[in-house]
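My questions will all concern the structure given below.
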Amino acid sequence: MAKPRGVVTTAGPTAPAAVNAPPKMELRGIAKTFSTRNGPVEALGRCDLAVRKGEFVTVVGPSGCGKSTLMTIAAGLDDPSEGEVLVDGAPAGRAGPRRSVVFQKFALFPSETVAQNIEFGLTVAGLPRPEREARLVEQLAIMNLEQFRNAYPHELSGGMQQRVAIARALVVRPEILLMDEPFGALDAQTRSVLQEEVSRLRRVMDYTVLFITHSVEEAVYLGDRVVVMSRRPGRIKKEIAVARDAAWRGGEIEAASDHADFNDARREVWELVREEIVRQ
Amino acid sequence: MLIAIVGSAALVLAWWIVTGPAALVAPLYLPPPAEVLATFGRMAREPYLGSTLWAHVYASLSIVLLGWLLAGAVGLPLGVAMAWWPRLRWIVFPLFQLVRPVPPLAWIPLAIIWLGIGDGARVSVVFIAALVPWLMNSMQAVYSVDALLVSAARTLGASNRQILVRVVGRTALPTLVAGARIALGNAWTTLIAAELLAASAGLGYVALNASRTLETGVLLVAMGVIGLLGVLMSAAMRVATRVLAPWSTKGGASA
Amino acid sequence: MPALAWGAGTLAALLAVWLVATSVTGLVPARVLPSPVAIVQRAVALVAAPFSGATLEGHALASLTRWAIGVACAIVVGIPFGILLAWLPPVRVAVGPVFELLRFIPPFAWVPIAVLWFGASTTTQALVVFIAAFPACVINAQLGVSQVDPILQRAAQVLGAGSLTTLRRVVVPVAAPSAFTGVRIAVSNGWMALVGAELIVGKQGLGFLISQGQNNDSVATIFVGIIAIGVLGAAIDVMLQRLQARLLPWTPALAQAR
């Protein structure tokens, strides 16, 4: 994988944020109730979640626990029934490129080429062409997409499409990257490849990420902090810290299970999730 | 394409046989091909009922295109607006559903009373005929845009207007063009009928008069030109689809 | 439901405006737009006594009869033709292009030549209806057959069914919903064509009624005719929809004609 040429999104690798600075993103007292035809449905109970700058937080939980709702609210695509979303300590407002999103179903614009898709956020912001082109080329290189720049989404495989989606979300230099079960729609092999790629990317670029998944293994492999949610109405059950520079980071995900610390973390998280699935 | 040519050649051959050597049908009902061709040449050069063939073609085409474009100018924005703002849809759609089952032609007598036998009556009826597909397809086109794409655009910072133009507009384009094509077909059909009722020039008018004066040759020329224009318009729309929406993998049903 | 409320409200408001503008205040002359009351009165009168040859139901019946004849012919000829086009490639190659070419001549363009051949009679009307209804039957039947999953045909073959049996017992039932949708479109096209044909040449029927209204400067009559046409057209479509649900319950949800 090509190394990025000198343009880094956040300030240097692993410089810990000043202790007194507010978290990059904070979900404070978030709850969400939907009104459906059959009456009100409480999707999220009170949740408090903070993501520090440079952290990779993964959220895992049983099906239907409301993790996607959490993501939608965090992204600003929907309003919580209670609580607020803060970025850098101030109310976050509507959705925008500060919190860019990678969706499970890719959501690439079918009528635009790969290049146009990736550039979209830059075009919409009115960035002048030379700078757009420069950032586009850089991002294409990082994600190994150079030869596909003029292809249309329907001509690409699922894995390639998701790479384009990730590139599109990164090129706008978001302050926090939100990923909603991004590999859920891919086959097992492509999923492993992309997980490894994200992990490697993470080591080089210091992104702040909130990552939703239903796979315990993926959550532990990628996350510095694994947040386990309860079943519906979803609440934060427990948070497990995983060593950021563990030996197996960035390596093959199969090889990770050779390491005791990985297996311990995974087992612990899995037990917590299983409790929720089994609980009546 | 080749097959079409071969097919039409076969048709012409059968025609010639039936009217010529076999003499199955009297010339009054179906003149032989040679005679029709001669009539075509004559009409192209000399005026028939006040205008040459080309002038009649122009008269018909101008009304059809005017009505069609007006219907598009109204139907397209209205359809998109109705899909975007539910309240507008709740107001307009029931009205629309009430008027829809009425054949556009049925409005002609009313149009004649209100606007007289002039271009206005015909344009209005063509407008009504074309409005339905323009409106319905525009609405459908916007509906069929995946809400996920709109969300994605929002997270990338697009404003409402930008989303409408760049995401919805472009993704909906193939359906919109299909709607335009159907609208044109409807408009053409209705125009011919309207000309049978309320016109003093145009291909339909020519056909009707020729039938009254028993000039079958002229009638057939008119019908042939009508069909030919229909083919050309359909082909033009297909080209337009490919130009405007090259990414639509399947062009959808043909004309 | 808000949608229903807004819709009903709008219609009621428009009706009210219409009433006020015409009969209450007389702002709009009856010659241009009669009041709803006058239209209802005219409808009643037309049912009670004949006008231009028949009462309202008489005209409606005449229209429906011609329409039914034309549509029935179109279905009986069109659907088998469509099936053949899809099932037998030689037929498609030979006859298909001719069909495609003739399709581009709008039904109404056939009216003058039909009048020449058959005079201003029921045959002319029925012919125009036939021409209008025929293409939809053919195309949808053809589409239905060609879209039958070949694996079903192979399954039948493996079980020993001959070509004709496969066609009859496997292909046709699976293609039926699509063909039925074609029938619905054809029926509606036929109705529209009929009205037009009656406007142009005719001595009876709802289209004729409208043109007589025009000749006698009775706008109310025109409106009665238009409403009758619209109501009948909509009723026919609704009935067909119900029929489709009863006869062909395996219709996939794709049967959305409009």
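As written, the chain order gives the labels A, B and C, with residue 1 at the start of each chain.
As a convention for this text, contacts are C-beta pairs under 8 Å (C-beta built on N, C-alpha and C of every residue); 3 or more make two chains touch, one makes a residue touch a chain.
Every value quoted in this text rests on a predicted model; they were computed, and no experiment measured them.
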| item | value |
| --- | --- |
| Partner chains shared by chain A and chain B (touch criterion as defined above) | none |
| Chain at maximum distance from chain A, centres defined as averaged CA atoms | C |
| Central chain (by mean CA position) | B |
| Rounded Å distance between chain A and chain B, as computed from the means of their C-alpha atoms | 51 |
| Chain A and chain C: spacing of chain centres that average the CA atoms, whole Å | 55 |
| Chain centre separation (chain B, chain C; CA means) in Å | 19 |
| Touch list for chain C against partner chain B, complex | 2-3, 5-8, 10-11, 14, 31-32, 93-98, 100-102, 104-113, 115-117, 191-193, 195-196, 199-200, 207, 210-211, 213-214, 217, 219, 222-223, 225-226, 229-231, 233-234, 237, 258 |
| Touching residues (chain side chain A, partner chain B) in the complex | 75-77, 94-97, 99-101, 103, 105, 107-112, 120-121, 124-125, 152, 154, 168-169, 172, 178 |
| Footprint of chain A on chain B - complex, ascending | 146, 148-149, 151-159, 162, 166-167, 170-171, 173, 245, 247, 249 |
| Touching residues (chain side chain B, partner chain C) in the complex | 3-8, 10-11, 28-29, 86-87, 89-95, 98-99, 101-110, 112-114, 136, 188-189, 192-193, 196-197, 204, 207-208, 210-211, 214, 216, 219-220, 222-223, 226-228, 230-231, 234 |
